[in-house]
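Have a look at this one.
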Amino acid sequence: MTSLALSHTEPRRLGPLGTASALLLPIAVVNAIGFLWPVVNLLKMSFREAQASGALGAGYNLDTWTNALTDSFTLELITNSVGVSLLITVLTLIASYPIALYLHRSTGTWRTVLMVLVVAPLLTSAVVRTYGWIAILSDRGLVANALMALGMAEPPRLMFNLTGVVIGLTEILMPYMILALLSGFGRLDPRLEEAALTLGASPLKTFWRVVLPLTAPGMALGGLLCFVLAISSFVTPKLLGGGRVFLLATEIYDQAIVTLNWPLAAALSMIVLVVFGISLTLYARALRRIA
Amino acid sequence: MDERPVSPALKIAAGLMFLFLLAPLLVVLPISFSGDDFMAFPPSSWSVKWYGAIFANSVMMNAFWISLALAFVVTVLSLGIGLPAAYALVRLKPPGAEALANLFSAPLLLPTIVLGLALLLVFAPMGLIGSFQGLVAAHLIVTLPYAVRVLSTALANLPLTVEEAAGMLGARPLTVFFRVTLPMMRSGLVSTTALCFLVSFDEVVLSLFMTGPRLQTLPVAMYNHVDQQADPMAAAISVLLVVLTLAVVLVVDRTAGLTRTFVK
Amino acid sequence: MIHAEPTEMTRLAQGQGFLSLRGLTRRYDHFTAVDDLNLDVAKGELVAFLGPSGCGKTTSLRMIAGLVPASSGHIVVDGRDLTGVAPYKRDMGLVFQSYALFPHMDIARNVAFGLEMRKVPKAEAAQRVKEAIAMVRLTGREHHRPAQLSGGQQQRVALARALVVRPSILLLDEPLSNLDAKLRDEMRTEIRDIQKRLGITAIFVTHDQMEALTICDKVVVMNHGRLEQVGTPHEIYEHPKTAFVAGFVGRINRLPGRASGGVAQVAGITVSAPGFDGPVDVMVRPHRMILSTGPVPADAGLHQLSGTVTRATFAGDILEYEVEAAGTLLKTEASTRGGEALLAPGTPVTLSWRPQDTFVYPAS
Amino acid sequence: MNAAYKFGTLCLLAAGLMAGPAAAETNLTVMAYSGLFQERYTKAVIEPFMKAHPDIKVTFFPLPSSAAMLGNLRAQKAAPQADVVIMDVSVSKAGTDEGLFTKIDETNIPNVKDLYPNARIPSVAGVGVTFDNLVLLYNAEQVKEAPKSWMEMAKAPYKGKVVIPGVPDIQGLGLVLILNKANGGTDYLANVDKGLAAVAEIAPNVQTWEPKPEVYAPIITGQAALGVGYNARAQVNSEQSGGKIKATIPQEGTIFQINTINLVAGAPAADAAKTFVNYALSPEAQKSFTETMFYAPTNSKAEITGAALDRTAVKNLDKVMSVDWIALAQVRDKIAEQWRRRVLPASR
C-alpha cells in the first residue's frame, strides 16, 4: 500500500489472504474433525490389537491384516464384492443407456417431466426404494403372485439371495448412471449422426461407430460412479439379501456393530478404499485412452 | 433445438427401463392402502389404516421430527459454512485454492460405509453416538461438499462485471455481496438448500452408525422397521416421503432448473 | 512501492489535466499490460482509448476505475490522488460492454442503486432517476427487468445508471461492441450528445477506429501496453506518428524503400524523407491514390507510379482495384460517381498522389 | 401458518434437541427384542409399570438380537442411551466383562432375593428375567406329523422351506450346540465342528437366515415349513394363528436359554432403571409375562397358573442339555466366525 493513499483509504483489517483464511476456517475445522482425523484414526484402528471378546487391546500389531489377507473367507468376500459390483455396473449401464439417449433427444416440457422421473428416485431414500423391491420380489409380492396367476406353481425365488440384491441395486444406481451419461452426451451432436447417415452408414453402424464412441466418456464416468456406489452399498444388500449375501460393505457393518471387531472392520474399510483407488486409476486411464 | 425423430426401438427400450426404474416407487402406492396386516401384492383388502398408524406410532413421529429438525439445522449450517468457503475459493483464490477445494469435496468420494465407520470410531469415545450434535456433524461432512460445489459453480458463473458495476456505483464490498451477489445466486442457493435438505433427510448409512435408542432419524427408524417387519406402514411412510421429494424437486425445477441443479 | 514526498504530491496536483495519469504501469508475472502511461485529460473532454485487443486500453481504464491495482504510477483526478483508493470511493461511472445490469432489479432500481449508496434522500433520488431514465428515452419502462429489454435499451439503462450519480468521470468500456451495426451508430451519437450536454469528462475504450474518430475530442492510440500517439482525430488520421498508427487508423499501402540525404528512393521515385537514413517504409492511404488510364501531367507535382490492374471489384459506391506496381501490390479505389466502368485486369494504369499524403517511417 | 413461525418452531425444536429431553418426566429406555417380544412385553410389563409410575415414561427400543444390542451399547459406552437391557446371558457376560453394566443384587434391587438360584449368575452383572428353550417349529398344514429330529430340516422336500435365525443369534447357536452333541461332539468349548457340519447339511434348504419380522411369521403363512425358534413365542404364535404353527422338541433334545435384565452403567435415568428392573422381577410382572408369553418365570414367588406353566420351558427340563453360557461367551465370536465360513457358503 502506498502511503500516498492514506488520506482516502481506511487501514484494512485483513489482507485478502487473511479474509480468505477466515472464511475457510469453519469448513476446514469440519473437514479436519469430521474427515481427516477419522480416516487417519480408521487406518490406525486396523492395526489395533483385537481381543476375542470384541474388546480392544492396547497394543498395535499386524494380526488383523495378516489374518484378513490370508483368510480365504475375506479374499472371497473381496472377489465376490468386486464381481457383484461389476455385474451391477454393467446391468445399470445397459438399463440406463436407452433412458439417457431418449432423454438427450427429447425437448421441452416432456424432457422436464422425464428429468423429474429420473431425479425423484435419486432423491428418495434407498430404504424406501428397497422396501418397494421387497414388495415386488418377495414371496407374496407382485412378481410371485403374477407368475402364480399365470399358472406357475413354484415361482423362482427372487429375494433373500443375490438375484434380489442385483435387481434392487441396479435400479437404485440407475439415476446416477443416467445423469453421468447425460453429462457425457453433451458431445453428442445429432448433426454428427445425420452426417454419418448421409455418408451411407446404416442406423446400427451409426450407433456403433459414432454414437457409442462419443458417449464413451459418459459411460466411463457412470461406470466408475456405479461401481464405487455398488461396492460400498449396504442398505439394499442387507434388506434384500436375507443374511445370505455377503459383501464388503455388509461385512464392515456386521463387524463394526454386531461382531464388534473394530480392527477388522477398519481393515476391510481400507480394502474398500484400495479397490476404490484402483478403479479410479483405471477410470483415469480409460478416459485418457478414449480422449 | 429442432425435433428429431426418435426410433421406435429406442422409445420402447426407454419406456421399459423407465418402468423398471419407477417400479419400486409405483408399487408402494397401492400397498400403502392395504387393509392387510402384512405386506402382500396385490393386497386382499383396502384401507387407509396404515396412514393412521404412522401418526399413532410415536417412534416414527419422533423420528420424523428429529429428521426434520436435523435436516433444517444441517442445511442452515451447510449454507452458513459453505457460502463463505465458496466465496473464498472462487473470489479470493488463496494459494492452493484448487487443492483445498479437492480436500473439501473428498468426503463425497469416501464410501459412506467407510465414513460411517470412521466417524463411529472417533465419535463413540466422545459420547457423541446417539446425540443430535453427533448427527449434525456427521451429516455436515456429506452435505458441505455438495454445498461448496454447487455454490462455487453458482459464484463462478456470475458475471463479475455486475459486481464491479455495483462497486463503481459506490457500494462497499459487503453491500455488493448482500445486495448483488447473493440475490444473483438465488438459483444456486435454492439448489443447495434443496440438495442439503434432501441429502440430510434421506441419509441412512451414516445415521445408522450415529443414532441410538433415544435418537433415531426417520430413515433409520424405517430401516429398522423394514428390517424387522416389512408391513404396509412402511409403504405409507414411503408414499409420504416420495410426495415430499417430488414437491422439493418441483420447487427446485421452478426456481433453479432441474437440469442445472442435478446434471454435472 | 512508492514513497511519496509532499513535493511530489504538489507536483502531481499541479498536473494540467482534470484527469492525469502519471507513469501508470500494470505488470503481470510474465508481461506488462500497461507500460508507463502518461496522459492529461481536460474537464469535459471525451477521450477515446484506441488499439487492438490486448493493447492495454481496457487495463488502463480498469486501473482508472480502481478495479485493477496499478503496479506503479498515479491516477490524479481534480488534484486528488486516487491511487490505491477503493473503486467504491472513486466516484466514477463505468459502463460495461456487457451492460452489467443487476438482473434481479427493475430498471428504476438499477438506476437508483448508486443514489441509494450515496444516501440521497428518497424524494430527490426518485426525481433524478426519473430524469435519468427520460434522458435515455426509456420512460415507461421503469418497472421492466433488464432481461425484458433489447441490447440497446439495456446499454442506455447502464448509461443512465452510471450518469445519475453525477460521477466525476464517465468510463465507457467498449460500450457498443455488443450491439448491431445500425444500433451502434445511433448509440454513438446519443452518447456523444449526452456527454456534451452534461459536460462530463469521459474515457471511451474501443478497438474500432471509426468509432474512436467520430465520437471523441481526443484519441489515444495504444499498442503493446504503450502509448503510440495522442491527438485529435484529424491529427491521428492525417499525421500518424508511427507506422502502427498509420496502419491501425484507416487503410494503408506500404512500399519498402531506402533513405539517405533527406530523400527516400522507392519504386523508382523519390519522396521527401527528412531525417531518415537507411531502409524505410513509405505509406500512402489507398483512397488518396488516384488511378488513371491515360498519362498524368508531369508538372502537377504528384508522385507517380505505373502498374497493371491485377484485380478489380465492383463495390457499389466505389470500385476497388489491386494494382501491381514496382513489384508491390497496392490497393486503390475509384469513385463511381460518373458511372465509370470497371477496368479489366491487365489494363496498364498510373497511380498518382500528393506528396503531403506520403508518410515515411523507419522500416519495421 | 407463516414461514417465520415455522422457522421459529424448527429453531426451538432444534435447540431443544441439542439441549436434550425436557426434565418434566423421566425418560427410561428399555432395549430388548423386537417383534412379538416387544408387543407382549409392552402390554404385560411396561404398560402396568407406567401406570404405577406416572412420572416415568418408558420407551422400548427393539433390536433383533442380543448381539446387536451389545454393539449398540458399546458404541454408546461414553454416553449411554439405554437404561435397561434385556439380552441373552452369554452376551450379557461379554457386556459385563467390558464394564457396560452395573451389578444387580439385593442391595439395589430388592426383588433379587426371591429369584431362583439359577437366575443369579455370579460373573454376570444382570440377573435372569426369563427362561426359555429352543424348539423346532413346523407348519401344521405342510408337516402333518411332528418331526422327530432336527435333521428333518435337511431333507429334500423342504428345499427353500427352512427358516433359521443364524448366528450370532442364539437360536442358530443353540442349534449348533444341540447337533454338535447329537453327532458325538463332546466339548463344545473346544470345538463345534460336528455341529457346524450338521447345520451345513441343513443350510442348502434354508430360505433365509434373517427371517422377518421373526421366524414364526413365514411358517404361519406357509412360506416356510420348518424353522428354529423359541418355545415361548412359538406358543403365543400357535395360539394366535389357530394352530397353523406348532412346536416340538426333537429327540436330540434342546437347550435352555436365559434372558437377563441388566442395568446400563452410567445410564441417563439410573434411578428409574432400578425401579423398573425391580418391577420386572416382581412376582406380578413375572406372572403377567409368563401368562401372556409363556416364558418360565425366574421369581420363585410368582404364582403362575398351571396351564400356563405347562407351556413354558419348565415342562421340558428333562430334555434340556446343559450349556455353560458363561464359558461359551468366550468362544461365541469364534463360533460365529466359523459359522460364516462353513455354514453360510453352503446356503448360497
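To keep things simple, chains are lettered A, B, C and D as they appear, and every chain counts its residues starting from 1.
By our rule, contacts are C-beta pairs under 8 Å (C-beta built on N, C-alpha and C of every residue); 3 or more make two chains touch, one makes a residue touch a chain.
Source: prediction; values computed, not measured.
> If every step must land on a chain the current one touches, say how few steps get you from chain B to chain D.
Shortest path length, in steps: 1.
> From the centre of chain B, which other chain's Cα mean sits the farthest off?
Ranked by distance of C-alpha centres from chain B, the top chain is C.
> Most C-beta contact pairs, which chains?
That would be the chain pair A-B.
> So the centre of each chain is just the mean of its C-alpha atoms; given that, what is the distance between chain A and chain C in Å?
Inter-chain centre distance comes to 58 Å.
> How far is the middle of chain A from the middle of chain B, if each middle is the mean of its Cα atoms, in Å?
16
> Which integer distance in Å separates the CA centroid of chain C from that of chain D?
90
> Let me have the rounded angstrom distance from the C-alpha centre of chain A over to the C-alpha centre of chain D, please.
Chain centroid spacing, chain A to chain D, equals 36 Å.
> Scan chain D for residues touching two or more other chains and write them down.
Expected reply: 72, 74-75, 221.
> Indicate the residues of chain A shared as contacts by at least two other chains.
140, 256-257
> Please set out, as single numbers or ranges, the residues of chain B touching at least two other chains.
Each of 38, 120, 209, 227, 230 in chain B touches at least two other chains.
> Given the complex with chain D, which residues does chain B contribute to the contact?
Counting only chain B, the residues touching chain D are 38, 65-66, 68-70, 72-73, 120, 124-133, 209, 212-215, 224, 227-231.
> Enumerate the contact residues on chain C facing chain B in the complex.
Checking each residue of chain C against chain B gives 65, 67, 86-94, 96, 98, 100-104, 113-114, 117-118, 158, 161-162, 165.
> Spell out the residues on chain B that touch chain C in their complex, using ranges where they run on.
The contact residues of chain B facing chain C are 159, 161-162, 164-173, 175, 179-180, 183-184, 186.
> Okay, in this complex, where on chain A does chain D touch?
Against chain D, chain A makes touches at 52-55, 72-73, 139-140, 157, 160-162, 242-244, 246, 256-261.
> Show which residues of chain D lie in contact with chain A when the two form their complex.
That would be residues 65, 67-68, 70-72, 74-75, 94, 97-98, 160, 166, 168, 206-210, 221, 223, 329-331, 333-334, 336-337, 340-341, 344, 347-348 of chain D.
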